[in-house]
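The following blocks contain the structures, represented as structure tokens.
Note that subunit A is present in both complexes that follow, paired respectively with subunit B and with subunit C.
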Partner chain A sequence: MSRVTRVLACAGLALSVGSTAVLAADDSKFALVPGGPHPYFSAWEQAGKDAARDFGLAAADYKVPQKWELSQQNQLLESLLSQGYNGFLIFPGDSVGTGSTAAELVANGAPVIAGAGCLQDPSDAAFCLGTDTGNSAYLGTKQLIGALGDSKRIVHFTGFLVDPNTQLRIDAVQRAADEAGAQVVQVIADIDAPEPAEEKINAYLAAHAGEVDGIITTAWVPAVVAANALRKIGDKRIKMVGIDHDEVVLQAIKDGFVTGTMLQNPYGQAYIGAFALDKLRSGCTVKQDAPLMANALTAKFIDSGTAFVGADGVDNYVDAMRAATKALFDTFEATYLTCQ
Partner chain B sequence: MALPDSPASPATRQAKRPMARYFLTNEFGLAALIVLFAVLFGVTAQGFLSPFNLFALGRTASINIMIGLAMMVVIVTGGLNLALGAIGVCAAIFCGFLIQDAGLAWPLAIVLALALGAALGSINGWITVRSGLHSFIITLATMSIFFGAMIFLTRAQSYRGLPPELTSFGRIKIVEIVSPLLVVTVVVALLLAYLYRLTALGREMLAAGAKAEAAELSGVRVGRVFIICHMLSGAIAAVAALMLTARNGAAIPSMAGQLGQDWLLPAFLAPVLGGTLLTGGRVSVLGTCLGAFLVTMLTSGLLLMQIGEFWIQSFLGLLLLAAVLIDKSRRMLLDRSKLS
Partner chain C sequence: MSPGLSRIVRTDWFGPFVIALAAIAIVAAFNPSFLSPLNIQVLLLAISINALIAFSQMSIIAIGQMNLSVGAIGGLVAISFAGMMEVWGFPAPVAATLALALGLVCGLLNGLVIAWTGISAFIITLASLSLYKGINLGITQAQPFYGVLDAVKAFGQTNVLGPIPWLAVPTAIVALLLWYMFNRLPVGRFILAVGGNQHAAELSGISVGFTVTVAHAISGLLAGLAGILLVARLQIGQPTIGDDWLILSFAAPVIGGAVLAGGHVSIPATLLGVVIVAIITQALVLFNIDPYLVQVVLGFLILGAVGLNRFREARLERPAGRI
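Up next is the complex of A and B:
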């Protein structure tokens, strides 16, 4: 090796070592990866574009596994790391099973934040930014019970049993019902997909509509299907509180078939998640005394916000989500991060 | 001296035929495709040849190959095992339970988990033989029974209190790019090749699958052989699930998706691409390994080329269709060469 080459090599090495301490924002290339295709996460795409523009990132791309399979998500994450992505906001395909992949990503220098759903502790995710699912289900059930008359028989439509959040939701609905003297007559789970939701909800209402007074749904697809079913039945006696902001549910609220919905904040999760990833790559760390909350999965939880929207607020639901995002973003760095 | 345009002598034709037949085999076709796509991806897909991607590719392929082998050993009989995902998950969860809750040593827990996989497989075989129904129907039913029982007993809880000897096995790198899981797969494949080529039991399996009545007349206890094939399938499915447990660092109910259905596509693709006859009686262990590896490599390469995650599934479907058509052409060519 010639002397000039050696000098250049040493200079390059020195530069690279120096640059790893504090990385520039413009080489930050983040991937926002849900567990699979689902309408809930569609807001992540725009949030990623907005975050890339606002924070000067090289990219904050929304990357969807082709199917809702843990192995597909793991393979996509491994591929994205190989492609040079260096920060990840991940909705865990499984709260435990995604942990080892997250550990590998972090070991390769890419910070990980769990978004919309948490990894079970201990994990290498910096924190979990999502909806407090149990609390959301509890508050939604309270709203439903408030809308019911003397008879309080509730049916609960919810998501996949393999998702630990489902059990949290089932428990929270039961707790709210017990507190108010209501009866959960049936829990129908494993229906957060169009086909099983259509089949089971329509069959249940066809046979038992007269035996229930209220419906609580704690997953996106069942909320849509149940709202449609109530519209078809045309009987506004049965009250319903849904979840999320699908147009079908919002229109059903406007038309009086659905009492209201529990909003989550997917846009804020992705926008603030990308911001936080950039800060973590730039050398920031999560504060030792950050006011992180605990839920059933993690002690590193940050609530991205949840709100009930009824007929009086349905036209301005976007404002409610924006307000929740702004409130969290304005204080996020000062509250949760320590930056040099 | 032969004339330039004279036909080759019979001896020369005999010498050339095995070579021609070799070029027409599935194994050669798959090997050629693997080399072709490896070169293509190596040149065009950024990161394909990176050590991490090669390691991840080998690790994923090892599990897919094992899943393919689990199906292959039943296809030999002309049957199917749709329950192999459910059996695998049951075995993995049982292993987690034995280690975490029952406090057993991990080697003993693994042996018992493999025994459970074999036992569940033998139940499939026994019902199939006793009922005379096609294993498609039987395993479709047991898929729900096994998975449902597991979810009921565990309440969809994961087991992550596994010893580091087990969990680190999925992350260790041999010379930077080789996963030890790949070594396990190679060993199992070699054992299967030995079984079919060099043991009486293996030949009985092939004979029973090709023509059960003829095998019965030849003294083969066909029912017993079919049960052993299903038992073997269950045990190999358990091995695949334990490998996945090592890769995920935990035994999780969702590792093979709802009812274990996520395993079905790789389970069918690998043996069919590899040249195992769906009607039974012919098996190709090498072909199954190459088929699974090709599918895994294509998925990896296409992901890296960012052609769109949703196109990959279509591409794999097209590949399966192409493989079936090519196989038909190959057999026609072979038939013609026999006639000529």
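Up next is the complex of A and C:
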């Protein structure tokens, strides 16, 4: 984890060197708030520190609700507002339920950007900066199907049902499977926590390992647990495509138990999110003709990038993440913002 | 019905035992791989840890209270155990001992505050839940500890005999010790006496404050042990460990016939309650239940298991001539 953080920090530093002059806002105090504790967001903390340094912010602090509960996140956001935070990058605890809190924050002069997950339109979030989760799941499933033989029976392990991304992922995996004539034999959801993931994935593989040819995982913890489970039963017949960059998954790719993983870009989301919040506070607005994308939740979506990494690229996966961040950052202001 | 059989039928573990057997037979009939060695191992791994969680809550139910901080204590001990190995390089036995001591202290603090202030255990453990979870997040910053020693990982992944995992060994020892304590030792009888009738226990010379404190200390110790075993099983010190223990911790003792008002608990019945919940949880996966309906089905099945056991008890409580 620390090695990844250091490399990402260097990436952030490199980006800052090449950036155009920024309008420093030393009273900008931003909070980067995930839906709850989760390793996916670990890069947000370092990204916030880098952004605060690079853009002259008073702070860009990573603040974690104690549990994955909408009420806890809402209370934390309101508390942070009262403590003087004046801009928020939020992973919505609920795509609809977080909307009212976002409206409250914006009404108090604090711009809001949805990060890593989107708010349902209409919302007061300036935009949603995250992985195109549907596309990532679709591409990952395509990669998996490409690695399978004639038999294409897939099981899909995914995350919290309250996560606005989960249904998008389920639909995308099904679509990719339908297009390729593959069969999604089962979807096991709500397992983006270690204990249920361990229990359900192992139970499934104990009973059905012989009946599936491939595993697609579209959440962090199931990817880790499934990679460990395949290693434990020593089964390289079952192909698997995971998600994210946990050490366990990367090692399993190197050892041949996992075909590859779909990288997301949490560092870029927080770093560029903090940059954009500062710009919004400085009077910039989102361009009327900005090339925003649409997904099932919002028409204000910006893709923070995704990439497949297999055995041939696993040693240099940070390069893929760095490239995605740099590509987006270099053109972000010109592409999406209008500043006076 | 012979007297011997009648005595067995009247034991508090008989109902859960029959339900567990029926559940195994039904699931195995539809899915023969349910009884494969690998699946039995997977089931035993889940049962080993969940039983400790249930025993932790059962110790508090015995005194007629509840401990909402079971998961928070388990999570704090788990990340402390993994953290001591990763950050300070402690050997596993040292880290485990210190982490267990932390669980004991957390439980002890709960008990002392409850005993001294007389405030409801519900309130105190609700507050300590937040406190212990907050310390957990403060230490980890919500990031896992990955530096779990290979010996610990091996302990969590290997079997002692056939499909029986090593993790089942500490749980079996704890079950035996708890049975002995509640049935043979004064402190166990004191706990049940306080749970049955606190006023009568006090008049009998039992120190209620001391007994409550001991019960909470035992609860903290068992929650901590569950956290340590979970680190061995998951091979990672996840800060979210314990977050979803609460429902299970109550479900298993209640299915096992524990009286929430206190005074009566059963170790074998609670263990069977854990077995029933584990089978139900696994059956939902094996039968490909729609992910959006899993919680609904789980809730109905647990209610059904509790209802069946209560129905059996009610029948047994009727006059003998009507049985």
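We adopt the following convention: the second predicted complex is superposed on the first by the 315 of 340 C-alpha atoms of A that agree within 3 Å, B and C clash if a C-alpha of one lies under 4 Å from a C-alpha of the other, contacts with A are read in each partner's own complex, and residues count from 1 in each chain.
One rule holds in what follows: contacts are C-beta pairs under 8 Å (C-beta built on N, C-alpha and C of every residue); 3 or more make two chains touch, one makes a residue touch a chain.
Just so you know, these numbers come straight off a predicted model, no measurement behind them.
Engineer: Return fit or clash for subunit B versus subunit C, each positioned on subunit A through the superposition.
Structural biologist: These partners clash in the superposed model.
Engineer: In the overlaid three-chain picture, which partner chain does A:188 touch, first (subunit B) or second (subunit C), both, or neither?
Structural biologist: The answer is second: A:188 touches subunit C but not subunit B.
Engineer: After superposition on the shared chain, which partner residues are touched by A:198: those of subunit B (first), subunit C (second), both, or neither?
Structural biologist: The answer is second: A:198 touches subunit C but not subunit B.
Engineer: Mind working out whether A:64 is in touch with subunit B, subunit C, both or neither, as first, second, both or neither?
Structural biologist: both
Engineer: Contact-wise, after the overlay, does A:124 reach subunit B, subunit C, both or neither (first, second, both, neither)?
Structural biologist: In the superposed model, A:124 contacts neither subunit B nor subunit C.
Engineer: After lining up the shared chain so the two structures overlap, which partner does A:94 touch, if you call subunit B first and subunit C second: first, second, both or neither?
Structural biologist: first
Engineer: Of the partners subunit B and subunit C, which touch A:161 in the superposed model: first, second, both, neither?
Structural biologist: In the superposed model, A:161 contacts both subunit B and subunit C.
Engineer: Contact-wise, after the overlay, does A:303 reach subunit B, subunit C, both or neither (first, second, both, neither)?
Structural biologist: The answer is neither, since A:303 touches no partner chain.
Engineer: Show me the subunit A residues, by the header's touch rule, that subunit B contacts in one structure and subunit C contacts in the other.
Structural biologist: Residues 64, 66-68, 161, 190 of subunit A touch both subunit B and subunit C.
Engineer: In the complex of these two chains, what residues of subunit A are touching subunit C?
Structural biologist: 1, 34, 36-39, 41-42, 45, 62, 64, 66-68, 161, 185-190, 193-196, 198-200, 202-204, 206-208, 224, 228, 232-233, 247-248
Engineer: What residues of subunit A sit close enough to touch subunit B in their complex?
Structural biologist: Within the complex, subunit A touches subunit B at residues 63-71, 75-76, 78-79, 81-84, 93-97, 99-100, 103-104, 108, 120, 160-164, 166-167, 190.
Engineer: Under the definition above, what is the set of subunit C residues touching subunit A in their complex?
Structural biologist: Going through subunit C, the ones touching subunit A are 31, 33-34, 36, 38-39, 41-43, 45-46, 130, 133-134, 137, 140-144, 146, 157, 230, 233-236, 238-241, 243-244, 278, 281-282, 285-286, 288, 291-292, 294-295.
Engineer: Along subunit B, where are the residues that touch subunit A in the complex?
Structural biologist: Checking each residue of subunit B against subunit A gives 46-48, 50, 52-53, 56, 60, 63, 151, 155-158, 160, 167, 170-171, 244, 247-250, 252-255, 257-258, 262, 299-300, 303-304, 306, 309-310, 312-313.
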